[in-house]
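The following pair of complexes shares a single chain, chain A, combined with chain B in the former and chain C in the latter.
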Partner chain A sequence: MSGTQIQLKSCSKTFPDGTRALSPTSINVSPGEILALLGPSGCGKTTMLRIIAGLESPDETGKVFFDDSDVTSIPIEKRSVGMVFQSYALFPNMSVRENIGYGLKIKKISTEKIRDRVDEVMALCQLEGLGERNIKALSGGQRQRVALARAVAPQPKILLLDEPLSALDAGLRDQLRDELAILLRSLSITTVFVTHDQAEAMAIADRVAVMQKGHVLQIDDPRKLYTAPDNAFVARFVGAANELSGRLNNNLFSLQGGSLQLPEGISAVSDDKIYVRQEAIKLIPPSESELKGKVLSSTFLGNSQKIVLSDVCERLVNVITDPFSKYEIGQEVGLLIQVEDILVLRDD
Partner chain B sequence: MLLQRGNKMRNISPSFTFQLAVTLLACAFLLVPAVMSIMAGFTANYFKGISSGLTIKWIIEVWELYADSIGRSIILAIACLFFTLIIGIPAAYALNQMKPRFARILEEFVSLPLSIPGLALALALLQLYGTMSGFRLSSWFILTGHVLYTLPFMIRSVLAIFTAIDLKALEEGASSLGASSWQRFKDIAVPNALPGILAGSLTVVTLSIGEFNLTWMLHTPLTKTLPVGLADSYASMRLEIASAYTLVFFIMIVPLLVALQWLSTRTQKIGESR
Partner chain C sequence: MNSRYFFISCLLPLAAFSFAFLALPLVRLLFASIDSELGFGIYLEILTNARYMNSLLYTVLLSIAVTIAALFISTTAGLFLVRNHFPGHRVLIAVLTFPLAFPGVVIGFLIILLGGRQGLTNMLAQNLFDTRVIFAYSMTGLFLGYLYFSIPRVLLTVMAAAEKLDLSLEEAARSLGASPTKVLRDVILPALTPALIASGAIAFATAMGAFGTAFTLATNIDVLPMIIYTEFTLSANIAMSCALSVVLGLVTWILLIFSRSLTGNNVAAAG
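The block that comes next holds the complex of A and B.
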């Protein structure tokens, strides 16, 4: 299975009632890459996936390329895409084996070859022994795996997944997320998947496209997105961030609880806000810091501890710290923030 | 569970007794005429009562007089089913794929024959085709009326199950695997809609066999059907024969109704399990 490159060239989508689901968007997905489309519901991510699949056509100016061929006007059944649907869309009138083999049967492949390929895919997706089962007799996790097996069995050029894990319980979802990440990587098919869950996007994808209101705000690898988001929306969507508001004077940022020295050239901050991740704030004795706050609560989380501070700025500040240091409620603490952890962001 | 029930049995409240009495009374109201009628069909002389003895000679006589009407009704019902199937299933499939608003308007049009009295519908057919005497005098004329009248039931039944199984999603799944629209229709749509198709079929057969209004206007003395023959026997035969005819009608229609009931509960369950 070699990778196919996907290119979207200024694809937009306006529905007949006038709603703009997707603003003109151009993206490239490299051969073999796994791209996540991440965003809240209604951000246009599913529309984009359906345009790639061929279930929706882009507005007139848009073009979709698989490698060098323009597939814009080719219907889904001729695009050779494998797709996993949010509802899985498994065929209730067929057994597990028949579901997985359906795409091969359509291709008029011989019965023995279908059997071999189905066996192979079932082993890959850990479905051994379930071949004769009825779809209704499967658990949620098994259905998800059958849907994936059915999509990859005909060896598609690209694989598309629409919220592949959202129909599962939270516990199962965590487990299957890791399995899916390993499986997709081993397939090395160009993959695009849609999710609203940042943990899922981060765990599975090579690159994540964060979307909002029909626009792609940023496409980057997960670490870059987390540490260097382009704007406040991305920063908040890919992980919790504290918003600190104050007043910038030369390079000194003054807040209710003290001040922070910002590096040179950062003065272009709009709205006088900076963002800091929860785990980037260290708590030190108040005497050692120019910026102070008061402990409002501490919550033991097992592998970490969450401290909520008041009196730092107008908003409460959340800090994730080591689990075993004791903090009294009302105690005054100092905040230590490294300059490189300060996110200066355009507002959304 | 059992214990609870036992407790309830012991404290039978007056309101329960009252409800039971009303229910039994209503049942009697509905059932006694039917039982009387059936008994009349077996009684040698209804005016003398059961004391005149039981007989099946009336039933035999009905068979001799009206066998061709009964046969015609069965053939008509099967032919009607055939046409509603080959028109109704593709029509429902097409409606399901259309934009909802457009599909709703079309569905209203298809259902229009239901809101027009059968007599008016028959009159329209007579006005339109009455001069084509070959057609007018054959059973095909009645068949046309039956198909017109039963088609909406088939379409609605199949359309309902297409919605219940979320056919659109299933079809998207099939098309992503390379299936053409014909393959999707025969591999996915029809097999998964079978309970709805069966329910629709039973409705069509039951309605076709029992249809009177339309048929009465459209029939000729040579193309009588079961219900038309029934009316005929009520009007012109002695009471015992009419009753025996009713019995024959019951025997044919009741199993169909029971099967229909059973199927529609099953179809509902399919809808709910989604």
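The block that comes next holds the complex of A and C.
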């Protein structure tokens, strides 16, 4: 892959008012890679992105490298980064074409070359025919694409996007998510994008960094994050996981609704909790299982159905199963959980 | 239908006010201006009288100069004050807006204290360089006086607009490689333009009609309000002073409409 490598070396950020937005963090983003920063609101995603951009400087010990060059003290205007802001920040006094061409105009590129490049980028972002439009006359989706087109037009080394889809309404967001994923991949620029939506992170990114309270908890590819989360927070945030609480005794995990045989050497369960994905629980006749629950509700979802069980443990347990089996409210069911699907996690 | 009546009734106070204090006196003024043997010819008299026309020209040029200077000083200061917080910040803003509290006459005195015959600069110049520096009783003095009371009005408007600037627009421009001066030119000034034109119009209109300061500095300054005053009190030429008032009002009004149309275009371009 072509492109620039990004390296953060123990970058932390403490704001003048004392807010510790980011704890010391070191990450590498490989050339051409798409990295998602995923986490709940206020966990420091934007701060990290702004440190990479050069809009925020890290605390003293932190360093930012683009390939081999230390850019820590270089201001954003000299870093050659393309940036898409959460609000899109399109220039209201310029047309679509002028917005997209602005970075090229600043670079003093000839008018013809600017025109050609803007045409090219507009085609890429499906903005043909909108060049003379006023920003105010664009839909949300179009604004998002203009913001992206403006960021990539000057061929930046690095592309940074802050919640690029969060300003759109839900239906449009799903459609644009897939388009954005395809587009970003075709650009093969090193990309970091911020989101609080795990589906968005999984759909778009090569790797996802899950963040909480200024810490990066785990960086992995989406499949690894899902199947092997490092801790309970990651498990809950990336694809919902059921938390089953009980008591562990000689590899036998006892819950309200019965017991589960855990493999040897799993005794290090903190707080006596285990985690199981919703689709990893199979429903079988109660007579065939040591662990039982009661059907509280069933919701038909088209390609699947969601069953909520009570009486398994203190919390309700969600199960995703095939859409056509019929379950009555109040019916007793048995739970079948494969040992390899049990996630034993450090608590957050 | 109901809401339409409601909106119309909302306009009633303004309509009544306009009628009583604007329309009636204006019509009265107009009639008074043609109430001499010249009739409407009095306006031709103004157009052909070099003293009146020069005075009008000076007044317009002075007001434009004051407006431009006030806009320049207030924009730079306003942006600085909004972007930088330091000890004494509030006090400085309070001091800068202090002239709002002074009537024109007092500002005239201040200018005399600074640049008059017994003024600070003249005394310094005489003691240090043995020359005389007196500017209070000239256009320079008037310019400084008008500038002094125009700055606060413009400054407050510019600061209010600068507070509302969208910082992410500036960051976006910087991310695309724009230097601070280009950010100023391409993002900040376009966003401030409506506020600059609005406050500039007020500064201009105030300077066109200002009288107190000119009256205090007096002697050889021929701005139009002064001429109106002398025609009225000394020559008792009521028709002429009324006609000149109409001209002053008209010129100011036309120039304001012109500047408003500039804003209009700008706002249209901005969407």
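The working rule: the second predicted complex is superposed on the first by the 346 of 348 C-alpha atoms of A that agree within 3 Å, B and C clash if a C-alpha of one lies under 4 Å from a C-alpha of the other, contacts with A are read in each partner's own complex, and residues count from 1 in each chain.
Methods note: a residue touches a chain if its C-beta (ideal position, glycine included) is under 8 Å from a C-beta of that chain, and two chains touch if they have at least 3 such contacts.
Just so it is clear, the structure is predicted and the values come from calculations on it, not from any experiment.
Undergrad: Looking at the overlay on chain A, is there a clash between chain B and chain C, or do the two fit?
TA: clash
Undergrad: Tell me which partner A:Pro92 touches in the superposition: chain B (first), chain C (second), both or neither.
TA: A:Pro92 contacts both chain B and chain C.
Undergrad: A:Ile135 contacts which: chain B (first), chain C (second), both, neither?
TA: Second partner only.
Undergrad: Name the contact category of A:Pro75: first (chain B only), second (chain C only), both, or neither.
TA: Both partners, chain B and chain C.
Undergrad: In the overlaid three-chain picture, which partner chain does A:Lys326 touch, first (chain B) or second (chain C), both, or neither?
TA: Neither: A:Lys326 stays clear of chain B and chain C.
Undergrad: If you stack the two complexes on chain A, which partner ends up touching A:Arg223: first (chain B), second (chain C), both, or neither?
TA: A:Arg223 sits against neither chain B nor chain C.
Undergrad: Between chain B and chain C, which residues of chain A are contacted by each of them?
TA: Residues common to the chain A contacts of chain C and of chain B are 53, 55, 75-78, 80-83, 85, 87, 89-93, 102-103, 106-107, 136, 150-151, 154, listed in rising order.
Undergrad: Considering the complex alone, what residue numbers of chain C touch chain A?
TA: Where chain C meets chain A, its residues are 166, 168-169, 171-179, 182, 186-187, 190-191, 266, 269-271.
Undergrad: Spell out the residues on chain A that touch chain B in their complex, using ranges where they run on.
TA: 53, 55, 75-78, 80-83, 85, 87-93, 102-103, 106-107, 136, 150-151, 154
Undergrad: Can you list the residues on chain A that touch chain C in the complex?
TA: 53, 55, 75-78, 80-83, 85-87, 89-93, 102-103, 106-107, 134-137, 150-151, 154
Undergrad: Taking the complex as given, what residues does chain B use to touch chain A?
TA: Residues 165-166, 169-170, 172-180, 183, 187-188, 191-192, 273.
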